Amino acid sequence: MNLYILLALPLLGFTINGLFGKQLPKFVVGALASSLVFIPFVLALTLWSEVKEAAIVSQPFTFLQVGDLNIEFKLMLDRLSLIMTLIITGIGTLIHLYSMAYMADDAGYYKFFSYLNLFIFNMLILVLGANFMMLFFGWEGVGLCSYLLIGFWYHNPDFGYAARKAFVMNRIGDLGLLLGLFMIIQHFGSLDYQVVFSEIAKVSHPQWVYTSIAVLLFVGAMGKSAQIPLYTWLPDAMAGPTPVSALIHAATMVTAGVYLVVRSEVLYTLAPMARDLILYVGLATSLLAAFIGLKQNDIKKVLAYSTVSQLGLMFIALGCGAYSAAMFHLATHAFFKALLFLGSGSVIHGMHHEQDIRKMGGLRKAMPLTYVTFLIGTLAISGFPFLSGFFSKDEILLHTFHHSPWVYGLSVFSAGLTGIYMFRMFFLTFHGTYRNDHYAFEKVHESPILMTLPLMVLAALSLSGGLLNLPHYLTHSHSEALAHWLEPLFVFGDAAVHVEPSTEWALLGVAVSVFVIAFVWMRQKYVVQGRVAENDDQMSGSAKLLAHKFYVDELYDSLFAKPLQALGTWTYRVLDRKGFVAFTDLMGKVTHWKGQTLARIQSGNIELYLIIMVLAAALMLGIELFA
Amino acid sequence: MNTVFQQVDISHYIYLSTVLFSIGLFGVLFRRNAIVLLMCIELMLNSVNLLLTALSTYMGDAGGQLFVFFIMVVAAAEAAVGLAILVMVYRNTRNTTVNFLSNLKG
Amino acid sequence: MELILIPLLSAALAYGAGQQLNRSLAFALSLVPGLVALALGVHSIDVPWFSDDIRLALNPSGWSNLMLLLTNFLVPVIVLAGWREGEKFSLQVALTLFMQAALNGVFMAQDGLTFYIFWELALIPIYFLALLFSEGDRFAVTLKFFLYTFLGSLTMLASLMYLYSLTSVGDDGHHSFAYSALQAVELSTTEGFWVGLGLFLAFAVKIPLMPFHAWQSDTYTQAPAGATMLLSGIMLKMGLYGLFVWFVALAPESLHYMLVEDLFDFRDLIMVMGLAGLLYGAFIAMRQSDAKRLIAFSSLSHVGLIAMAMLTMKSDGVNGAVLQMWVHGVNAVGLFLVVDLIERRLGHRDLEQMGGFAKSSPFFAATALIIVLGTVAVPLTNGFPGEFLMLKAVFNTGTGYCGVLAALTIIFCAVYMLRFFQLAFMGPEKGSLSSLEWNEKLALLIIGAAVLYTGVQPQIILDMVQSNTDSWLNAIAESGGILS
Amino acid sequence: MSALPIPFLVLSFITILCALYVVTSKNPVHSVLALIVAFFSISAHYVLLNAQFLAIVNLMVYAGAIMVLFLFVLMLLNLGKAAEPIKSNAWALASAISAGSLLLILTAAFQKSGEQVYRNPSETVGLVKNLGKVLFGEYLIPFELTGALFIGAMVGAVLLGKRDSGDHESSALAEEKGASS
């Protein structure tokens, strides 16, 4: 089957809805968009067995051919991209369905769906591309869609600003990625995955080449996957409609960085320094975001920082060389984080666009379905035994333990923080008493079936996601399905982990106890004691620091934005106006003044002219004679 | 040695006409009365005529003398037009000095 | 040849039609040369002009074809929407068409003096367009522009004459101004430097490169939209075209000239100029609130990169630069059109006083967004392939920091272009725009389609120019101009 | 060099003296008269040079027609002793230096050119018969053209001299201006 169909369908949806959506009935728009994402999902499923045999490669088309450089449009569906495709289209379909209800009252309904389809299109290019250029196309394309969707409610200038911030931050990462591509071309002469990776596998270049390419690609991943220092755009990106946050900023786009690193497994295995960098950046991001998440009161902001933190965890896995573990966590995270975002969207919808958890409480009675599914999501992310998050996180922790104990310690700490901020949010939202004076409790309503259905599907996935990659200790016959699935793709493969079974059980015990501590503590604090998160003005010290996100935004502002703006103003006002332009004008004035001086010689005194003429004639004759 | 000019060297005619020319030039430079200016110009023309004639005779070429003839014709025309202009200028300005003609002043 | 005669005839017709000239007629007139050239092909010509050695030699090759395409594609768009219909419409159209003829001549010229004559000829209509229809202190601004470009032209003429005097004497006993003859002249490095400097100045002013840009922002800002489009869309390409074809290819020796011994040669200087302009334009554009000025400075930033890429003298860099010349032409015209459409309706172009036009005119916003994205070089729009090739060449040539600094443009450009788009089209509504006329819509559509099409199929453009570029690069390499 | 013949010396002396008087005389009428004398002496030079035709023409055209025209104009405008603004001595000096330097240069130029002297003078070249042949043969077309020139000059002079009827006011205005300034 032609892989281009997978891309063509969402693009078709974008075109139809973009051009004619205004005239079409809303239901048609939504149904069309959803089905054009769902069909690729089904198609990808049918390709399962084929891909299992060998990667499907599409007919290439020339994009650029200059000198020796030949860059093609070329798609490739292998085991890795198949998983990504299924996640993207599967969760994408659910979110499209959800959006049909969530966005029902929005004037830009058709526009929203056309953007969503465009996003799916770009995301599929990203994961299906058979060379780095296609990846870059998708990479920038999803950035663009993210920009459009964050700024979807563009009449609010803050939202527009957030969109711009996301795009520019991503662009900084893209710069790194682009420079990485330049280096790849310079040293390996191509961008095609097969060529480049087989060249790299020969290890014929000095170490610094691998390290610098790996670091540059990782800079791209930093931007897209919101790692320190380029993470600040993601929380702001919550300005977009909630389904967007679920689809783009939790489940799919932000994991592109992880995909890139997994895809370039050969490179990163050969560049241990770059991998160490990834490990430390991931660790730092995970902890920082988890800390900030502790004191956020906007339901979506908590989830956003949670996403950053979980992405950090994935990069920790990558840094340890546990590629399949990272992919596993990527998949389960896509399930439960999409679930949580959609659940929060359901709450926001039911509360009529209230996002502050301090103004919620006791919603479990009003929104039972949302409550149950949200609970499942929370349990899954916090590592409740035998839910999806438990398995995926444990595998990462196992690798960190093998890597070094202190990394393990910090990762466990981060995982514990996850439980704490998630349960804090959960209890504040659904338990306790209702705290909103402006919106009567009676008016809070459960969301329509179109919204709760995706919630239930995702809840089921969150419950059972662990089946993807069950650990050894539970079953021997079906264990590590995902790792085995991906194994043929890797040249060097996952870092091997050899741990005694007893140690493994001990680590499990640690993980479970961390979860229990978090649960009990938070329940005690917010359900039994019935405390409410403090208002901004009551905060002090560390709480304030956390609530203000360590003032990183302010820091960036005064470190980069302000100086750049000042530089821009200075360049124009001083350098350009008072410098170059004034200099030119000065030249003009000097000429003018000189001209006036010279003009005085033109006195109109004919006699003088005559005398000068005669003298000049004499002079010329004299020169002719005697020179 | 039958005629005068065979006893006179050509150089003396050259000196003579150069002197006359310079005197005329001095007049052009020095005087302000437009009529006198015109007269000085006539003087200069005549000095040139004299030289041409002398050279023509010494070279035995009639062309030089015919040029003198043409110069006279042109001088006559010039004098007529020049004086007409002067008359008109005088009518308009009651003046025949040349420094009122300062429209060239920059 | 027909590409010169037909526009001249059209110009006369347009002027003669006077008040009867309406928009569609003018559009049709401007389309004729391009269509004729497409249908019949462009015929070359080589006949004696002033004398046997000053020939009228016009012969389109790869680069010329692309530039001709650019000219005869953009002029109709400018006629279509660049000028506001009014009393002087016929004059404006006539001058634009006159300009078309001269520009076609510049891009086809294969003879030094023919090139110079058309080069100067192109200055005449734009001078009058700027002088007659500018706002503000139009005399001073236009004079500044005129003097700048004219001074540059003089140095170019001097260099061409000098080269002429060195050409080998042919069978007819004359030196020759023919391009091939000028190219064949071998110069010492020092000699080449002075010749090259003369040529370079003409192009550097026109492009403009960094210290010679003082005329640019004022002229772009105060000139009427049509003139600005002609200036930025096509005339600027004259400079870039000349920079490579008439400077680098004619006097590659000059590029070796060491300005600082063993450290810094003429080529480095030009690279630094390009880089400086790139950053300088970007910094200023980030803080401009006058939309037109913003785009003027963004243009300064973009051409800096193009100049840098040309001076890499690598196949990918130079080809990318040519591709980007086409792209920049399309995008600059598109952006100035967007600004002018807003200005026509609001009477001002202060970004702080705009906002929310996306609501009242979604079509306008969508096409504007496409053009903005093209400028930002998002993949699958036209800006990307050229910028990719250029940045790659700059990055892989010479010192890396130059490439990294140049690559910053992809960030800065996103910052100022999105700021422009956001302030104008997003945010709370500050006044709404009346709907677009048919001609304005058509022009936006044409530009938008060109942006997307080039973005997906850049190879078509590259195929036009590649063999041409390679032959030049080979010739330069043979004459010892190859650089590390 | 042998002594110069007396007639030549005398005539040259008269010529230069009259020329100087023309230039220096304060009264234009005196200048005209001196100029006429100078022209007479130049005519005499022509006679000495055996150029009888030119001698006569010079007398008729210059001394006769042109100088009389000058006189008429002087009389007509009543410029007899019209006060001419006297120039300063500095001005005279500058003029003298200019003219003198040109004189020096020309003389020097001649001196430098060496003794390239023509020694085969012809006695017949200046005769009317001879000149007439050349004039109406070789120089016929220029000769006819001088006729056209004369017509042009005549028309021009008449037009300039004519007081246009519609011109009264403007000229009157100009007169006032001239008087006031």
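Labels for the chains are A, B, C and D, by order of writing; each one numbers its residues from 1.
The rule is short, and it goes like this: contacts are C-beta pairs under 8 Å (C-beta built on N, C-alpha and C of every residue); 3 or more make two chains touch, one makes a residue touch a chain.
As the structure is a computational prediction, the values presented were derived from the model and not from experiment.
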Contacts common to chain C and chain D (chain labels):
A
Kindly indicate the chain pair that has more C-beta pairs in contact than all others.
B-D
Measure off the straight-line distance from the CA centroid of chain A to the CA centroid of chain B, and report it in whole Å.
98
Let me have the rounded angstrom distance from the C-alpha centre of chain B over to the C-alpha centre of chain D, please.
4
Where the centres are mean C-alpha positions, what is the separation of chain A from chain C, in Å?
37
Could you tell me the distance, in whole angstrom, between the mean C-alpha positions of chain A and chain D?
101
Can you pull out the residues of chain C that are in contact with at least two other chains?
none
Residue list for chain B, restricted to those that touch at least two other chains:
25, 29, 32, 99
Touching two or more other chains - residue numbers and ranges from chain D
91, 94-95, 98-99, 102, 106
Chain touch graph shape: choose line, ring, star, complete or other and state it.
other
Set of all touching chain pairs, with the criterion as stated earlier
A-B, A-C, A-D, B-D
Listed in rising order, the residues of chain B that touch chain D in the complex are 3-12, 14-16, 18-27, 29-33, 35-36, 38-40, 42-43, 46, 49-50, 53-63, 65-66, 68-70, 72-81, 83-88, 90-97, 99
Can you name the residues of chain B that touch chain A in the complex?
25, 28-29, 32, 98-99, 101-106
Listed in rising order, the residues of chain A that touch chain B in the complex are 598-607, 609-611, 614
Per the contact definition, I'd like the list of chain A residues that touch chain C in the complex.
18, 62-67, 69, 136-137, 140-141, 144, 147, 151, 154-157, 160-161, 163-164, 167-168, 171-172, 174-175, 178-179, 181-182, 185-186, 564-565, 567-569, 571-572, 575-576, 580-581, 583-585, 588
Contacts from chain D onto chain B in the complex sit at residues 1-2, 4-5, 7-8, 12, 15-16, 19-20, 22-23, 28, 31-32, 35, 38-39, 42, 45-46, 48-51, 53-54, 57-58, 61-62, 65-66, 69-70, 73-74, 76-77, 79, 82, 84-85, 87, 91-92, 94-96, 98-100, 102-103, 106-107, 110, 117-118, 120-123, 125-126, 130-131, 134-135, 138-139, 142, 146, 149-150, 152-154, 156-158, 160-161, 163, 171, 174-175, 178-179
